[in-house]
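Everything on this sheet refers to the single structure shown next.
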Amino acid sequence: MNTPRFPLPDINSLPNDIKAKVLEVQEKAGFVPNVFLAFARRPAEWRAFFAYHDALMTPETAGRTSGLTKGDREMIVTTTSAANNCLYCVVAHGAILRIYEKKPQVADQVAVNHRKAEISDRQRAMLDFAMKVCLDAQSIEDADFEALQVHGFSDEDAWDIAAITAFFGLSNRMANFAGMMPNPEFYLMGRVPKVK
Amino acid sequence: MNTPRFPLPDINSLPNDIKAKVLEVQEKAGFVPNVFLAFARRPAEWRAFFAYHDALMTPETAGRTSGLTKGDREMIVTTTSAANNCLYCVVAHGAILRIYEKKPQVADQVAVNHRKAEISDRQRAMLDFAMKVCLDAQSIEDADFEALQVHGFSDEDAWDIAAITAFFGLSNRMANFAGMMPNPEFYLMGRVPKVK
Amino acid sequence: MNTPRFPLPDINSLPNDIKAKVLEVQEKAGFVPNVFLAFARRPAEWRAFFAYHDALMTPETAGRTSGLTKGDREMIVTTTSAANNCLYCVVAHGAILRIYEKKPQVADQVAVNHRKAEISDRQRAMLDFAMKVCLDAQSIEDADFEALQVHGFSDEDAWDIAAITAFFGLSNRMANFAGMMPNPEFYLMGRVPKVK
Amino acid sequence: MNTPRFPLPDINSLPNDIKAKVLEVQEKAGFVPNVFLAFARRPAEWRAFFAYHDALMTPETAGRTSGLTKGDREMIVTTTSAANNCLYCVVAHGAILRIYEKKPQVADQVAVNHRKAEISDRQRAMLDFAMKVCLDAQSIEDADFEALQVHGFSDEDAWDIAAITAFFGLSNRMANFAGMMPNPEFYLMGRVPKVK
Amino acid sequence: MNTPRFPLPDINSLPNDIKAKVLEVQEKAGFVPNVFLAFARRPAEWRAFFAYHDALMTPETAGRTSGLTKGDREMIVTTTSAANNCLYCVVAHGAILRIYEKKPQVADQVAVNHRKAEISDRQRAMLDFAMKVCLDAQSIEDADFEALQVHGFSDEDAWDIAAITAFFGLSNRMANFAGMMPNPEFYLMGRVPKVK
Amino acid sequence: MNTPRFPLPDINSLPNDIKAKVLEVQEKAGFVPNVFLAFARRPAEWRAFFAYHDALMTPETAGRTSGLTKGDREMIVTTTSAANNCLYCVVAHGAILRIYEKKPQVADQVAVNHRKAEISDRQRAMLDFAMKVCLDAQSIEDADFEALQVHGFSDEDAWDIAAITAFFGLSNRMANFAGMMPNPEFYLMGRVPKVK
């Protein structure tokens, strides 16, 4: 796809609230992750998407605590996005996962086969649940919740795992549909001691 | 599941903005669809969910026109939710589909096998695309867009089809995860000439 | 498919025994379910099909008792026919299921996701077995029979479950092959207190 | 399964009509194929099963001609029964296929991979259609019938292919469910120039 | 495929070491199994392929003992090659399996459905493990090794099962790719008391 | 898996020829890739494995030229190993792919979704063929070869694609079976301008 079907809009063409948020992200990250522009063609969807994202991924902004760590959340995203063959999310969230977990190899590991990854038993159980929500939510049953409880996950934590998986299932489908490509910057983030 | 793992909250316990919207829906529909309560346990997620819903399902509220009719949109939801074995969405959105399309049999038809449903060739193409986004988004390619164009769907329409499918894929997973049940009222809506 | 590939024959063109049975069904139901006409193009197959149907679905006509109720049997048909995406059987047998079980919502529930349906644990076990026969009969093993026995099903009952599933697997494939459509009357049967 | 769950009944315990047919088959084949005994525990089902079998597999007994040869029919059975992993039908009908086609290797070939079998292009198209009815009947569409027409198959021939596939899909599920084993005699039939 | 895409080379055109081995096999078996010629178009691959084959299938030539019998090994090949729909390997190794196990029916049984085959519980466990390596190696976990240990298989035996399965997975893909056909002689070997 | 089921042998315990090769690789790469040790527990298998590897991956050592470049070959390995969820091969061969192609992002791209990767149309066709050999070799047909020919691939090139895919299918299954982990060094190779 040489000419993109859904070209990224120019930052200056965006509504003010979206433009402000994009510039804030750019300031912080040093670049604008493509998802911020790709969804901006539709401002109402953009606002809902990032509101949902923040409610799940930064629960403290929603006045909520969570039994999942930041690293747990990104690990769920990376693992289930790989199951959905979503290049954007695996590369972008794999980068953030490496940073939060301070483990430069973990993203590649969970993306290829979470059963072989060097993660805790608790994280393995978390990912098993996430993968069932991702691929076979219709069969979720009590036994799946019980397998989480063994590792200390509450039903609220289960909701977090499920909701993050479900939300990125949406994101994965849109990214694959729209041909969204990861920014080059993501590929190397968290892999080397110091990334400028 | 006799005792629900995630019981529906009492309306009076909800934040004011959510309570107001719930009462408005109740006024209009005669009952509160369970999804409005099920998600309300988490207000920030509730607000994002329904903002996203409205941006896609009532594009005019987002200042947008769409090449899809109201009936088209509900048909996408009913068809893909059946592929995801989501009881809540098939029953609730099947009801709305019957009303919009004024075809009391169409929801059952697309839910069981959209290829055998009495719908237009244009709607058949729309559902074929939606099903690919639902089940195999990673393989979407130019030929899929071209199959839509034959029936007059633009790339913006394709975005609508994909986004509705992706959004309800999220909803389907959450409903299956949380054991969300459809309100009894939905089952009969749009099946008989006059339902009070 | 505007012009049907396999048009339904005229009742008056049918052999006498078939015509008599068709008229009897019409008298009782108020209409002729399309399957009675669709198969009648081939009288020998028609006779075998309905003889088999009756041997399984009305065992008392075969001088046999069964541990399954009438409702159980229709529930198996509706559930497995949905797994086979057979519009005719889901709609027609869903109607009869609603009537026998006196539960206007149960057919839609088992058709979309039997794991979420409001049925007994015994019926859930019955449907789990039926779904395995439907989708993975090659893997049936002792443990599957034992799961039935927990709920009081004998090996003869297991035969009933398997045979009903297998027979309607035949029916589902023929209906999908031939494009058999359900009569409009079925869609509403058993949903409202009184259907003429 | 050392002690069979569904032991074969003694011939002398069978109803007279069934006993007569069983003895006739024994006379002709030199042994009683197990399916004749396995289904005989349920006489009404036995009668319907074999009436259906004969209507499809010996259409001349139903006063019907068919565009399929005897060998074609057994080839459909062997191929689709292998897809359903049914030991009884692959071995028993593979034997008859070898005899009718006078090709001692053809049964093994179509059972393992019909795309690699030494059969005509016409038979290849026939088996492609049968496999779609067997594994994905819900997706049958006009293009599938057209692929048959290229090789001279009429819609009536398509019905034959579909009905044989669907009927043996029933048989495959019952054989797998009941643990029906092929008679030792079948394994060698049609493989060597002269089998007594 | 009338004209083969990859015709078998003439024996006399082969490098001396390969020619010598081919003639040795011909002397012993009475014919040259096609795999010896099919791979010989590429001598380096031929040498590696048969060295690997011998290391696994005749471990004593590698100075190794194994907990698997000759019959066990051929049973793994026949079963997993059928799962991969490889005509060459099912027919050729099914022949050798019949001879080693002295059971003329066992190859057909495991090829169609190893769960229904007349084999020992130990062999059933061995084949369950092999099938998981064949179809779902990414999910192999400790429980799978433990299921083998119940029947006395060591981790070294597990390696044998896995390696044979993996090696013939290579062979199956190449045979299907290249359209390799079994020699006619294989079909009957081990089926009758005496093959000339 | 804290204690590895199949611990890597000490280099000094290896047969001389294997030890020499391992030391040569260590000299060249700066470390010993784990596959060289993992397979070395079985010297005969080790020798065959690497002979096969070299015959396919460095055809010039086998006196053969190939229409595939070094980068093409590693791209096939990375893509199909990801389809097989093989952590070792994705990470190790992804590293080599980055180096050969001089594209630090290409390995992550093809591993997640080769359809979205920034590769040539010719490479896309090559990977489509490889994925069919990997996942559905039984259905390979003339049309698949023709799709390669459009891009200039000969039948010999097709053999290369198939054989590399098949060989690494073996490797993937063994690595998943044995829990083989990639050396830490691989993760970063080819990602940054200069890796010592």
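By written order: A, B, C, D, E and F. Residues from 1 in each chain.
In the analysis below, contacts are C-beta pairs under 8 Å (C-beta built on N, C-alpha and C of every residue); 3 or more make two chains touch, one makes a residue touch a chain.
Everything numeric here is computed off the predicted structure, so don't read it as measured data.
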Common contacts of subunit B and subunit F, by label, are A, D
Contacts common to subunit B and subunit D (chain labels): C, F
Most distant chain from subunit E by Cα centroid: B
Between copies subunit C and subunit D, are the contact residues mostly the same numbers or mostly different, with half as the line? same
CA centre of subunit A versus CA centre of subunit C: separation in Å? 45
Just how far, in Å, is the C-alpha centre of subunit E from the one of subunit D? 29
Whole-Å gap between the CA centroids of subunit C and subunit F: 52
Two or more other chains are touched by the subunit B residues 85-86, 113, 138, 176
Mind listing each pair of touching chains for me? A-B, A-C, A-E, A-F, B-C, B-D, B-F, C-D, C-E, D-E, D-F, E-F
Counting only contacts in the complex, subunit A reaches subunit B at residues 1, 5-6, 42-45, 47-49, 51-52, 54-56, 61-64, 84-86, 133-134, 137-138, 140, 142, 145, 155, 158-159, 162-163, 165-167, 169-174, 176-178
Subunit C contacts subunit B in the complex at 82, 85-87, 90-91, 104-105, 108-109, 111-113, 116-118, 176, 179, 181, 184, 187-188, 191-192
Quick one: in the complex, what on subunit E touches subunit C? 113, 115
Contact set on subunit F toward subunit D in their complex: 138-139, 141
